[in-house]
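Across the two complexes that follow, subunit A remains constant while its partner is subunit B and subsequently subunit C.
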Partner chain A sequence: MSEIRERKDYSNGPLCLSGRGVTKVFGLGDNRTVAVDHVDFDFHEGEFVSIVGESGSGKTTLSKMLLGLMTPTEGEILFEGKPRDISTGKKRKEYWKGIQAIFQDPFASYNVFHKIDSVLLDCIHLRGGKNLSKKQKVEMMTEACSFVNLKFSELTNKYPFELSGGQMQRLMIARIFLLKPRILLADEPTSMVDACSRATILDMLFELRRETGMTIIFITHDIGLAYYVSDTVYIMEHGRFVESGKADDVILTPQAPYTKRLISDVPKIHEVWDLSTVDLLKEDA
Partner chain B sequence: MKNMFRQIFHSPKFVAGFVIFVIILLTMWLYPLINPGNPLEMIGVGTFARPGTYFSLYDAVDAPTETLRLSDADDKRIDASMSMEDRVAMVAWFEQAGVDVGDLDITDTDALLDLWRANYDSSTRLPGMTNAKRNYYKRLDRSIQSMQGADKYSVMHKDADSGEMVERSTINKTDYVNVAQVVNVKTLPLGTDNFGRDVLKELVSATKTSIVIGLIAGIVATLIGLTLGLLAGYVGGITDDIIMFITNIFTVIPSFVLLILISYSIGQEQRGASVVAIVIGLTSWTWTARSVRSQVISLRNRDHVNLSKLSGHSLVRIILTDILPYIASYVVMAFILQVSSGILAEAQLSLLGLGPKTTEVPTLGLMMNWAMLYSAHTNGSWWAYFPVILTITLISFSLNLMNTGLDQVFNPTLRD
Partner chain C sequence: MGKVMLEVRDLKTKYVTRFHEDVYAVDGVSLKIEEGKSLGVAGESGCGKSTLALSLMGYYFPPLHYISGDILIDGKNISGLDPDVVRKTILGTEIAYIPQAAMNALNPTQKIIRFVEDVVRAHDPKARKKEIRERAEARFAELGLPRTVLDKHAVELSGGMKQRTVIAVSTILSPKVLIADEPSSALDVTSQKMVIKMMRELMDKGYIKSMLFITHELPLLYNVTDDIMVMYAGQIVEKGTAREMVFDPIQPYSHGLMGANLVPEDGMRDTKPTAIPGTPPNLKRPPKGCRFAERCRYATEECRTHSVAERPFGEGRMYRCRMSVEELREVYKDE
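Then we have the complex of A and B:
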């Protein structure tokens, strides 16, 4: 795990996704809510970016705009240095070859009426593998599943709801493995799974990045986790970025009061854990 | 899928509704096989014959007769045909005329008749007796005499050439016919209606037409409502606004008023059963559209829909594979209710005389309309309208029961 902590400096590398004055407003009049308020950002190729904020700070709205599922009220998003154009279905499809997502709730991410095979086959088709032979497709799916420690032969002809939450989330990563997008947007992918699966999933994300060099935009409410995984951290409060920069700079020397509060809210990050109870249990055994 | 069906058929409400509906459907299909023929054929003369067995008088004359030769057959016949009131009246006459009745038992027909023959005289004027009463006794006496007489009846017919009456056969008092040997015996379990048509046959045919009308109306309404609801809910924005504007207009105008106006303007001649069904469908889609829309709105921001978008699926494909299956059970339930309300709407329209034209097929509503026009409810001909009401009730009861059963299966909060 030590190699993960060695953070590289990506700030001079090529840009892959950036935004200028991106704003999203919901409702009108008294119901007017500014979810995302004029945010600027620059994500570089190969970077592991975290966007940290509490619930309702606009993280998910921002991620939907980044994915092109929602149009910004104001501002522009640049994809690889050029203004993003997703006005037609064809252009959107092209854009989504470059950016993909893993969502928070694995149980809601699958269409319960479709089998696992069709989820993976869709990815192969999106990558232009429609005309491959059935054997090749199965090989690709098997490879993707073994990448996330799943056996395709056990999954084929099953429905997603027959899997556990951790397995479903791993299958999501298998999907990303097949698609190999340049940017992966992970919207709290670990918040709905147990701690053990969480480590596995994070590990797989690093593995993916090492293999394909993709940019990972990691959205989380857990600043400790963000510090652990990312190169760059953006702190979001009420739709604004209050602080951003290299993970070490932001977390170790926080400037904004909100960041300080977030860090102090993390339970016992700087203290040694009391392991005496664990030892007692061992002696009993 | 298999599991879902098993779950559905474990719901007692659904099963009860389903069984009733299947029985209705089976009757619709089997009864015309047993009793074929045009349901609108007028088989009887006159209006509103009671439920029962009928046979032709002409045929009965030609049927072989059986003579009853039992010694006491005559007595028994007279015994049975004298009512208690007549007997009491006879005793009253004796008392007024001052005849000593002694310890006469009025159920003893022989003794009573002997005493009557011995004492009654039509010319006797009893003091205080009204003319009407005296005439009543005269009639009673005549009927007693005719019962005892051994005379025959003659059946005559007019000779076509000479115009003279020719005796065709004679019928003795003791002659009987076996109903099984008479041709043209008709059992009418529900009697006939005002036109002399077999109500049961008509009812079975009308149920079939009404269910077909309900199905067509349900399909039309569900298709329109589903399409508009899916589009409005999923596409959103200006499309949603326009569709909901139209839907709201249709919701505000009472659909039944609209139905009456449309049916009236189409005119009697063009109004076949299917036209009426389509008109009913065209006026009842609004709430399907509204409820489908709200279901779709709650679905369209779900992650699996987002994921499907990210996989590059088209709008039509997302609607058909990621939205529609999730609301399918809901749509089926809405469809069942639409069928039920379509049948009721047809009955309402027909009752007002705006239903399908009356010359081709009977419908449940038309039968009620006929019964109403010919005052079946005031002259006590319950068989002309009550079975119709019962059928309508049973159909909509069974459909609603199925709907409630499905609701319990698909809506976890209602599960017990």
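Then we have the complex of A and C:
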């Protein structure tokens, strides 16, 4: 077992981000779609939380609301116990010092016109390091890059598209290392990288949590991955949380029928994969 | 031993970039699939899995070029044939291919039945509409697809349904070999299971005689195919039955790959998935020695200078490493 991995109980720690009756409705009349339907959640400091659901379950909509990129139709999001206020640009920028994200597609996460240096410098500036000397800034960037096993001297003056997908995703983590937010929202960060680089990225997330004690919210469709990384798992179906709890309880003794189906449909290695559970004629699947 | 449906001997193909550089994406691949069997190909992105699939069809167009080697389908050599001949006589009847984004390949302005007509008429221009419809309806019913799908447009179908429709349409002429390139990786787990179930049915009912299944997801491969081979930098590094490959991988790269699986099973949380640092070599200038040497933790100076040949062992297994099976098993024990 990895020494990076801690098995502490975070569920009694101070609240970091919570939501009460958070709802998002798209469209009107016949087109009305409830993407997220009155969800309640409590994420604690230092907790590794996973939100698992299939496509169309509303997990990305929820993550956009958590990031403040989308306003909830109804309900309230509390940041560190107080109602979140992001009504002005300045307040929003302040909020983003506390919450940052890594997205699924590393190729779409960067501005193609900006060099890697400026990507990292932006992070230092957001943390209030505008007046530092050039040497100090380079030192900070070098440290961040070496944290993710990249060499800053090889990256400087390069553009993001000159890197491979795995390297880009690691650079994204280097950004997080510089920013040290309270909460990291990771939306499918490993679905576009290979299995062998996936383990490296997960290790870095664990290491980040160990160093800074940040809360990590992991959004994924891969229940095996969620089981491996998280302390707490939330299972989402049609915009609602159908089951939540400690990872071991939810995955090994699932209660909700949806969770049971999700787990039985994942191909396994030590257990038999039963193909008879799916009905080919069911048209909506 | 069954009849050999697909045999490939030392196949080499390359891409030519716009700067006229050669990239050797498939470099000396040999394989055999018997009737009623399926073979899985695993490996990380850029290792040549999809190029292998394209090369096997014998249908080459720039930037992909054929260099050497033989492709035999049911004893008939198709390598080096004219692309037009290949399209008319081989594709669809002898070999069918499902690309990675197959479900995006459906023309949104046409009904599904039109695609079936296209496929059938490419080989039999005089086929009548009514016959084609009867044939399609019978096949769809056998595979558990609702026959109403035939009169729908692609946009009316869900992702999983589209993928299954594409598979049903492309195998309508009962090809001898089906090449499926990541047919289910863009789907949810439940739709993925349905796609796999349908492919199993195709095999069981004899509509396809053999299958080559490409994916990067190993737990899936273990559940779908009889044999698995692992590719690295354009070469096969290990080949064996699915069970042997998952529980007893020999070559250091496939050992690492098998250790990187994550499945929701009891006890999995306490094992650490293996990470393989580094990146694959540039195939414009493949390394002189073992291609995995740069990333291999057991590599010695000899590995970097001497290339390694395929070494057979056990019952029909093969691996590519300088170390012997016993030595490798010994070093894995200490981890």
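By definition in this document, the second predicted complex is superposed on the first by the 261 of 285 C-alpha atoms of A that agree within 3 Å, B and C clash if a C-alpha of one lies under 4 Å from a C-alpha of the other, contacts with A are read in each partner's own complex, and residues count from 1 in each chain.
What we mean here is this: a residue touches a chain if its C-beta (ideal position, glycine included) is under 8 Å from a C-beta of that chain, and two chains touch if they have at least 3 such contacts.
The structure displayed is predicted, hence computed values, not measured ones.
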item	value
Contacts of A:D248 with subunit B and subunit C, given as first, second, both or neither	second
Partner chain(s) touched by A:F113 [first = subunit B, second = subunit C, both, neither]	first
Touched subunit A residues, subunit B compared with subunit C	C
First (subunit B), second (subunit C), both or neither touched by A:N149	second
Which superposed partner A:L69 touches (first subunit B, second subunit C, both, neither)	first
Subunit B versus subunit C as contact partner of A:I263, first or second or both or neither	second
Contacts of A:D122 with subunit B and subunit C, given as first, second, both or neither	first
Which superposed partner A:L28 touches (first subunit B, second subunit C, both, neither)	neither
Shared subunit A contacts, counted only where both subunit B and subunit C touch the same residue	none
Subunit C residues touching subunit A - in the complex, by the definition given at the top	44-45, 143-146, 158-161, 164, 188-194, 196-198, 200, 216-220, 222-224, 246, 256-257, 260-266, 268-277, 279
Residue numbers on subunit A that touch subunit B, as the complex places them	64, 67, 69, 89, 92-93, 96-97, 100-101, 103-105, 108-114, 122-123, 126
Subunit B residues touching subunit A - in the complex, by the definition given at the top	302-304, 306-315, 321-322, 325-326
Complex contact set, residues of subunit A against subunit C	1-2, 5, 54-55, 149, 164-166, 194-200, 202-203, 221-228, 247-248, 251-252, 261-263, 265-271, 273, 275, 277-281, 283-285
